[in-house]
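Here's a structure for you.
Labels run A, B, C, D, E and F following the written order; every chain starts at residue 1.
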Amino acid sequence: MSAPETDRPVSRFGVVEPADLPDDLRQRIEAIAEKSGFVPNIFRALGRRPAELRAFLDYHDALMTPGEDDPTLSAAERELIVVATSGANHCTYCVVAHGAILRVRSKDPELADHVSANPYSVVLDDRRRAIVDLALQIATDSASLRDEDLEAARDAGLTDDEIWDIGSITALFAMSNRLAHLTALRPNPEFFLMGRLPR
Amino acid sequence: MSAPETDRPVSRFGVVEPADLPDDLRQRIEAIAEKSGFVPNIFRALGRRPAELRAFLDYHDALMTPGEDDPTLSAAERELIVVATSGANHCTYCVVAHGAILRVRSKDPELADHVSANPYSVVLDDRRRAIVDLALQIATDSASLRDEDLEAARDAGLTDDEIWDIGSITALFAMSNRLAHLTALRPNPEFFLMGRLPR
Amino acid sequence: MSAPETDRPVSRFGVVEPADLPDDLRQRIEAIAEKSGFVPNIFRALGRRPAELRAFLDYHDALMTPGEDDPTLSAAERELIVVATSGANHCTYCVVAHGAILRVRSKDPELADHVSANPYSVVLDDRRRAIVDLALQIATDSASLRDEDLEAARDAGLTDDEIWDIGSITALFAMSNRLAHLTALRPNPEFFLMGRLPR
Amino acid sequence: MSAPETDRPVSRFGVVEPADLPDDLRQRIEAIAEKSGFVPNIFRALGRRPAELRAFLDYHDALMTPGEDDPTLSAAERELIVVATSGANHCTYCVVAHGAILRVRSKDPELADHVSANPYSVVLDDRRRAIVDLALQIATDSASLRDEDLEAARDAGLTDDEIWDIGSITALFAMSNRLAHLTALRPNPEFFLMGRLPR
Amino acid sequence: MSAPETDRPVSRFGVVEPADLPDDLRQRIEAIAEKSGFVPNIFRALGRRPAELRAFLDYHDALMTPGEDDPTLSAAERELIVVATSGANHCTYCVVAHGAILRVRSKDPELADHVSANPYSVVLDDRRRAIVDLALQIATDSASLRDEDLEAARDAGLTDDEIWDIGSITALFAMSNRLAHLTALRPNPEFFLMGRLPR
Amino acid sequence: MSAPETDRPVSRFGVVEPADLPDDLRQRIEAIAEKSGFVPNIFRALGRRPAELRAFLDYHDALMTPGEDDPTLSAAERELIVVATSGANHCTYCVVAHGAILRVRSKDPELADHVSANPYSVVLDDRRRAIVDLALQIATDSASLRDEDLEAARDAGLTDDEIWDIGSITALFAMSNRLAHLTALRPNPEFFLMGRLPR
């Protein structure tokens, strides 16, 4: 079977390599690349608009890298939200890329595939079920959100700061999923296997 | 009839006044307030998280304030996208606030109400109909976006830079609408009448 | 930005002026016009079929003008139902025209915009929340209505006569919204500002 | 298997017999009963509110009984619209009652069951397919109706008066279906067999 | 009104008569035909692929003909599931054919029409309501099924074997409805009247 | 992060090991296990009902293993249909298990993840795009299928036998997906990595 997906361009609108970005962006992307071993394609695609890429990175850093003393969602829980809502939104790039990160962060080689294929009834413990349920409502039907939905989240033990994180991460990836669909963004080949093999 | 909407707090998670924000943010918000005559509530609500507010402002500036020589979407067209997709997403804050801005930018006191109530069949000229149709698809069903949808936009005369803008503005307000729903954000009373009266 | 909405005809099928209607209809419409200051466009559009216009007026009068001693829904509550369900149905004419009447009846210049933009989670007191919830179910998914839904309405203190009113007003505007969409009915310019300014 | 459907009341809100209605209504209902052999339950249920029943009958007469010289939709085509849209709306009363009338009017004992079970792809000639397609759009998603949809109907040979009829009959039964769901209206037993046996 | 439905072929892909089937299938279909008085069209349509028809018959027999001592769902309850889910799926063949069988099995000439027109709120006793509710969830949104949904079924008195039957019958007819839609399968004329007349 | 998914039982209703199945089934399952290296969990779960398992295997064999001279869909194309429709149905077991088989059959380690995450706009050549489009319509909205949809498939070069296969495989997995959701079927750990590493 021919494989048009892997032959096609990374983005419908072309890419910009880190070397061709303004210095501050080049340095940030290179630091990511050094850690990952490659430049995630989202940065190459958004490089077409440096100011937008910069704001995207800033928002992403603010929400996805909790401080060490930050008493809120763990890094794995943040990725769980991304994979669940990107699965609901059918966003291939985010499912594949953040699925890889979730495998790494959770040290579970199967969890991401369970969550992305069916976020609606994947079996999770009560805290994570409450996190994913709130995230799915905000991802797919945020206009219906009422105080009682937040009460349900608080009843599951979530704090207001955690609820803010759930909502904001979901919102950020509502944007990110749409940017990936706009550009028909192709995931880097490295993501597909990452975290699947025992170290 | 009692009016719980106007009695209730601006945000479910409280607000931070500009004076209590880091200096750079305080100055940016004060500049906006000077121009508008008041501090739009979104900034007071997002002030709870300065780093997120900063990234939000940066993204917003990059997409909503085209340069003078920027040969792409006009300021009114950008607001048109916001009002149409926020109407589809049932986001009261964005419909009311950006509806006001659209009235000012388009110098049309009725257009925003037409667009927000029914973005699906509001009568627009061909260029704006194509803009709104693409924005609605990305807002409500971005997973279905195929090359032929972008071809249709190009056939209506839209350039790749304009298509990028349409997609990115829609994506930004997919995020923004969800943040407004998360916080149950109340529009400032000033927005309701803005642009409705002849100057 | 050009404004095709305000240039286009009032109805796809033309209009009939009151002077050209049968006497009884002419008198009824003129009485409404005297009170409002103008002839609402719905009557000019439906004038194409006098028998249908007459039945429409009769149904409307029976449901929207409660008797003084009528111990059921208030006039403002009836308009609340119309604005909420017309918002859910994306009916521009009914949102704009009955939004204006709701502003007048409720003496609240903001309520209608809140209700029409997002009827699903607008903050209302318990009685009005129950009214709008029942109306929304009947407007958007009436086949699912079960005895327990009516029990919930009764638990919120609504009587059988009030429930009948909620259901029937919602049903009447299910019709009315569709007639407005059929004719692409344009709201009179007077409605947009009505009830927004302090008297 | 026990049969709660046939044991339960005709309407959730009780019924009013013709003898207990105002004279004009009593006479109209009795005339219908004489012709049908029984009083259709919709009239007994709506009898709770004589003014509403009167308006309902007037609207129904105006749309469902074309004049002899009326060069528009045939009586069978009008019932076809009712059965198709009531099938899409899952309204048991209207499917059963108007299915019976469609069998009688079309002299086809099977057509109504085909149309109500699957109005979306029932095989019809081009004119009737265009009638049903327009009716289904107005019944289930009227906010999306654009000029091009009406052009498609005109291309199938439908006149403006016929399009008005299609839209208005669909709108009337959007109301009627909701009234039937509000009252949990039970169809008269006579309807189930009517028109199924060769005369 | 012309009747394209009854003029059109039984299946889009032609039919195979029992006489032209392999011996084992010929004998099974003839036994059914002897009992019913005619060959149900589904067997003539699936005859195009004998191995598939054989598997279909085997699956059908395993689920739809409970053993005499089988302490699970009654034959009428099994047909109730088929009619409810086929109604939700708008499958004309299954609604008409299994509606007929449900009339025969339940000895109720009205039940099938109630269930197929509106499975969502048809009035049933508690056990049958629980059966239909579980079947509808599996038919229309099986990805949302969680342990608590099965608990609700158990609370209504259903055993694990009965729940398995409900799920499996619903699943079998998810397949069967799609095969009928693929082939545009026409119901045999005999089904329409079966079970409607007192014996 | 704890991993409730991988701790939980294979099926909500328990499993039956091949050794405890009737001889014919035991032999068939053991042959599969010998080829795969393990017993796919679907067979252990369906073993609870041997007659149903037998019919399931027969149907599966008839549709998923084309004869060598069978001039229709290739084995990889058949798996493509399964992965696309199971992705649309959010069926984790079928996405994971048949995703693995698709990787093996297509010799492409990425294709299955692309197809399951977003079957709606995954980039495929014209023949495969037509296959997946028809399959998705039958999986998610089969009631809308009209002759013109089949004409579109024929225009893409598909034969009637291929269209039958597409429809029947989609129908079989409409059943299979629902059985997996009914049993909350857990994929075997072996599937997750299969076909991802170069041989």
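Basically, a contact is a pair of C-beta atoms (placed from the backbone, for glycine too) under 8 Å apart; a residue touches a chain by one contact, two chains touch by 3 or more.
Every value quoted in this text rests on a predicted model; they were computed, and no experiment measured them.
Visitor: Provide the C-alpha centroid distance between subunit A and subunit B, rounded to the nearest whole angstrom.
Guide: Measuring from centre to centre gives 24 Å for this pair.
Visitor: Taking each chain's centre as the mean of its CA atoms, how far is subunit A from subunit C in angstrom?
Guide: It comes to 43 Å between the two C-alpha centres.
Visitor: Which subunit A residues sit where two or more other chains touch them?
Guide: 90-91, 118, 120-121, 143, 145, 181, 184, in rising order.
Visitor: Taking the touch definition from the header, please name the shape of the chain graph: line, ring, star, complete or other.
Guide: Graph shape, chains as nodes and touching pairs as edges: none of the named types, so other.
Visitor: Every pair of chains that touch: which are they?
Guide: A-B, A-C, A-E, A-F, B-C, B-D, B-F, C-D, C-E, D-E, D-F, E-F
Visitor: What residues on subunit F touch subunit B, complex-wise?
Guide: 118, 120-121
Visitor: Okay, in this complex, where on subunit F does subunit E touch?
Guide: 12-13, 48-49, 51-52, 54-56, 58-59, 61-63, 89-91, 138-139, 142-143, 145, 147, 150, 160, 163-164, 167-168, 170-172, 174-179, 181-182, 184
Visitor: Subunit F touches which residues of subunit B in the complex?
Guide: 143-146
Visitor: Looking at the complex, which residues from subunit A come into contact with subunit F?
Guide: Against subunit F, subunit A makes touches at 1-6, 8, 74, 76-77, 80, 87, 90-92, 95-96, 105-111, 113-114, 116-125, 128, 181, 184, 189, 192-193, 196-197.
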